[in-house]
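Each of the next two complexes has chain A plus one more chain, namely chain B in the first and chain C in the second.
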Partner chain A sequence: MMDRYTKLQMVGIYVAVAIFLTFMLLPFFEMFMASLRPLEHLFRSPYQFWSDDFSFQAYRDMWVTVPLLGRYILNSIFISLSVTAMTMVFVVPAAYAYARLEFPFKNITLGIFLGVNMFTGAVLLIPLYRVLRSLGLLNTYWAMIVPGVAFLIPTGIWLLRSYLAKIPRELEEAAFVDGASRLYTLRRVVLPLAVPGLIVVSVAVFIGAYAQQFLFAITFNQKRELQPLPAGLFEFIGYQDVTWNQMMAAALVGVLPVMLIFLFLQKYLVAGLTAGAVKE
Partner chain B sequence: MATLDLLSISKSFGAAKVLHDISLAIEDREFVVFVGPSGCGKSTLLRIIAGLEEATSGQIMIGGEDVSAAPPVERGISMVFQSYALYPHLSVYENIAFPLRVQKLPQVEMDERVQRAAGILQLTDKLDLKPGQLSGGQRQRVAIGRSIVRNPKVFLFDEPLSNLDAALRGDMRVELSQLHRQLDATMVYVTHDQVEAMTMADRIVVLNGGRVEQFGTPMELYHHPRTKFVASFIGQPNMNLVPATVVAADASGAKVALEGGHEMVLPVAAGTLSSGDKVEVGIRPEHVEQDRPGLDVAVNVLERLGGTSIVYGSLQDGARFCASLPGDAVIAEGGSVHLGVAPEACHLFDASGDVLRRTSAPEIQ
Partner chain C sequence: MTETVGNALVQERRAKGSAIPESLFGWLLIAPAMLFIMVIVAWPLAETIRLSFMEAGLGGEEYVGLENYQDLASSRRFHQTVVRTFYWMFLSVGLKLVLGLIGATLLNAAVPGRSLFRVLVMPPWVIPMAIGCIGWLWLYNGYFGVLSGTMQWIGLTDGPFEFLAHKRSAFYSAVVTDVWVGTPMVTLFFLAAMQGVPKDLYEAAYVDGAGRWYRFRRITIPQIMPVIVSMALLSAIFTFNSFEIIWILTEGGPRGATTTLIIDTYKKAISNYKFGEGAARAVIIVVLLGVFSLIYLFFLNKVNRHYGSGKK
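The block that comes next holds the complex of A and B.
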């Protein structure tokens, strides 16, 4: 058996996992602790880990300090969902074509897609700004959605293509022999079988969209009511002071939806990323 | 139902030519089996008939109509794949109904046709299950069900039994033969298993290296193989080929000296041979008899099957020799036996591997 470990090995594994998790989760933990402290205690020296005046006051005050906070959170989710939906509309047919059809420049274009992934949006901000201005999209939701879609399509194609390529070709040939068109086969045979892969790609795109919206929001949008959460968090930086505890509280509340999605879909993620790796 | 004619079909993948000028005329309601070793082009030929591959040159006629450029569904064919190619997310009913849904058939007629197919294949109580819940044989039947609902003119089978275990394969062979009679359809069946070919086919196409070696009835192939390849491919265990030298030959027979010195007069049309030619004598294991002058064979392995005993031995020069003898033959492993054969049961192949027509063997048409 491959999964038999000695006691010592188990201890080692758990220690490694614990160290890894500490690194990953410590920032979140510190965010949470900061959000509980009253502002004047945040800069207390020496650092005091525990104090008696912890409260959830910041979670109430943040809505007052930044009245549009709810709107920002909804904007974030709306922008990410729109980016995900639009990206999938482009990615599904493209990934299928790359998985199944032969056409000129197939491998070269795939390589270019991979290359595009290496640029961060930051390098292209100025040209993008000019494009969006020419199209009259600045200061609209589109200003944050369109670049998001454009940057996520290559990743989506790469991820979904390898998943679709694993669906047995004979299934499609059988449908073809029975008179089904490509699109009918895609709809009735390929996509239902690719559901786990579609979920994986959608989640990856959603997370990508959630993470990258900050950059596009602060460059392409000036309208307060359209801002997503990461840009909105700036409003906690006031003229006099920075309400760090409220900012941390708002950030945690804003990250919550993504974390929940992850928790619900993690079994698909694991299944999807390793599907076909072993014979079932 | 319909005839299927192939007119000089050739196929190349890049520089590799896999099919060489294949012409076949398959009759209405005939069960034809393409058989050959792997890589002989039999599956490619079937896929060309199906319309999944395009022939590099040549024509395909189904029912007298040229369908070379038509998509599969317009050719009136249906195909059963080696892996069954069932849709795992659809129920058995939906799998069988798939081609009818594509045609947008009315619900009532579709239901009737699916039920009829399920009845023929004894799947009526399995219609709500998913393919994953079925056994290998049942999956195979679902795949066949999907191919019969459309009432095609020609059925194509691509090694449909190769994923089943031996016992089930035997059962499915019988079922397929019955199905052929029941549907009264033209069927083309690809296999690498000569037993499937012999048992099910009306006629067999033996393919080798992308060429048709022979096209004939099973017994014709058995009694009158045209080449050494066909002779050794058809029949179980395989035919023995014993090197020999021509002593004398004319149109009515050839006198040959076998390896080891034994001389035989074989009743074959040997007008093309002359004294001293190197030839090979084909001896089927089942025609070998004990204690008849012929060959001295060292017995290496003896398989007692009950009704028969199979001897795997070697000749004096080390060449392997197999014989199928009566079940209670007195032989011992490690010993040696005298094995002979009636001259009229022998086949004679010239140096190029072509047969010399036997004059006394049963005429099969």
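The block that comes next holds the complex of A and C.
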């Protein structure tokens, strides 16, 4: 009825969707095509859209050219998971406090947290470098985890706070009246109810951590074996030649595990974002 | 009304029943996060402000007062960088919002296959930014990129066209990549907001004979306005501070054509070891963004008052 489309409208919608998705997916398609081309093919002129010497050779060779590739892929995931876990440890209590409790300077402190959103690591690199050095964290995993956590805490608090605020107060109050302590109420009543929200916020934090590990990695870490994938990929740029095809293959293989998980989770994620972020 | 009475009752019980007062408990809960932010963000920020009054490098520090700022104030190149950064931000954010709105509307349309389409917009968002940029680096390449290849095939250019080698095309190429990175998130948030619009509003309008476009303009847009304005601010801050995309594509070149404030800051401080001059730039970024956000929030308040009446 209301949602019915005429044939023509349907065609229009599909064409528009196709254009939109082409824009979104073109780089991936192009990376894939590049990964299939033998290196000497890449410099052929004029440009060839298709040819008969495509092969998956690069997917085998890449592990030899950059022996630590597997390590880089895992490092990326490990760093992001650590950032997520640590961020949530800080975010959960704070978000609860902002969602439920009244305390002095509540709005001002919340403003300070949100103000952090205004910076990125790039602005504070030098002093941050010094802080990490004096804490003895340079060239460790921590050097990439700690700054990531700091810049994701505000977003985490913001998202989780609105989620927690939607949990009916009555349940907590009932526990309270029964004489449960505040901490017990938080742990045993609120958190179990907040599990869907916790998952969504964790996923959002993970995406943030996974997307932005490049800068901290190239600035605070010199140890090759600790590098995450985005930094490690630049090893394909060698002194003599750049093995572009292998670099593309490695990039695609490297992001595949996380991508699959997200494609799987996306329905959940969109629903969660609705619940958490939309209505204040 | 009844709610306040209920609350008062509970407050009273709370005061009797619990050991820790609410205000202390609240502080205890936010303390770890606050402490962490203080060490990792606030202290470096204070240090940046201090450094901005110094001539500092690998050799040591020397107090120079406002010299770093005076240099910037009188530098034409720096003025251009500021203007370029705002142009970059407005253009990129504008495109992200428009595309996000179009994308969300399309993904919200009740057509077969839409759940698949929703999955397919996500990839640029859920991969490391730097890796997406490597893909674009490839697309923009004159010899082996498909864009240049297509242009040659159509006959737009005679030979290979290097998108990132010319000032103008490099800038707009960087904008396109930035839009590509930012659009999926905007799209998904808008989509989420659209799904939260009460169905009966549409039905009522439909019964009254309102067309699709009218319903979009008069129901969808006003209803999701709060999300649009907050996404715009968030997106503006991200875009203003966008570092990796430009750095990987062009490192701010060619001849400064893609040098935004953040790139300029990084180059001064990290590439040239001029910590003091870099710090002064960092402070200016923070001040500019702060002022911009305040102005924006002022208008946001007005918009909310305009659209928000009757809700909640």
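Simple rule for what comes next: the second predicted complex is superposed on the first by the 270 of 280 C-alpha atoms of A that agree within 3 Å, B and C clash if a C-alpha of one lies under 4 Å from a C-alpha of the other, contacts with A are read in each partner's own complex, and residues count from 1 in each chain.
By definition in this document, contacts are C-beta pairs under 8 Å (C-beta built on N, C-alpha and C of every residue); 3 or more make two chains touch, one makes a residue touch a chain.
Please read all numbers here as calculations on a predicted model, not as lab measurements.
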Next on the checklist: With both complexes overlaid on chain A, does A:P104 touch chain B (first), chain C (second), both or neither?
Outcome noted: second
Next on the checklist: Between chain B and chain C, whom does A:R130 touch in the aligned arrangement: first, second, both, or neither?
Outcome noted: second
Item to check | Broader residue contact with chain A after superposition on the shared chain, chain B or chain C | outcome: C
Checklist entry - Which of the two partners, first being chain B and second being chain C, lies in contact with A:T22: first, second, both, or neither? => result neither
Checklist entry - Between chain B (first) and chain C (second), which, if any, makes contact with A:V189: first, second, both or neither? => result first
Next on the checklist: Let me test your reading of the model: by the given contact rule, A:P168 touches which partner, first (chain B), second (chain C), both or neither?
Outcome noted: first
Item to check | Contacts of A:V177 with chain B and chain C, given as first, second, both or neither | outcome: both
Checklist outcome for this item: chain A positions within both the chain B interface and the chain C interface are 173, 176-177, 179
Checklist entry - Where on chain A does chain B make contact in their complex? => result 168, 170-171, 173-180, 184, 188-189, 192-193
Next on the checklist: Under the stated contact criterion, what part of chain C meets chain A in this complex?
Outcome noted: 10, 13-14, 17-20, 22-30, 32-34, 36-37, 39-45, 47-48, 51, 99, 102-103, 106-107, 109-111, 115, 117-132, 134-136, 138-139, 143-146, 148-149, 152-153, 160, 180, 183-184, 188-189, 191-193, 195-196, 202-203, 206, 226-227, 234, 237, 241, 243-244, 248, 262, 265-266, 269-270, 275, 278-279, 282, 285-286, 289-290, 293
Item to check | Of chain B, residues touching chain A in the complex | outcome: 50-52, 71-73, 77-79, 81-83, 85, 87-89, 98-99, 101-103, 146, 150
Checklist outcome for this item: Listed in rising order, chain A residues that touch chain C in their complex are 1-3, 5, 10, 13-14, 16-17, 20-21, 23-28, 30-31, 33-34, 37, 42-43, 45-49, 76, 89-91, 93-94, 96-98, 101-104, 106, 109, 112-113, 116-120, 122-128, 130-131, 146-147, 149-151, 153-154, 157, 173, 176-177, 179, 181-182, 207, 210-215, 219, 228-231, 233, 244, 247-248, 251, 254-255, 258-259, 262-263, 266-267, 269-271, 273-274, 277-280
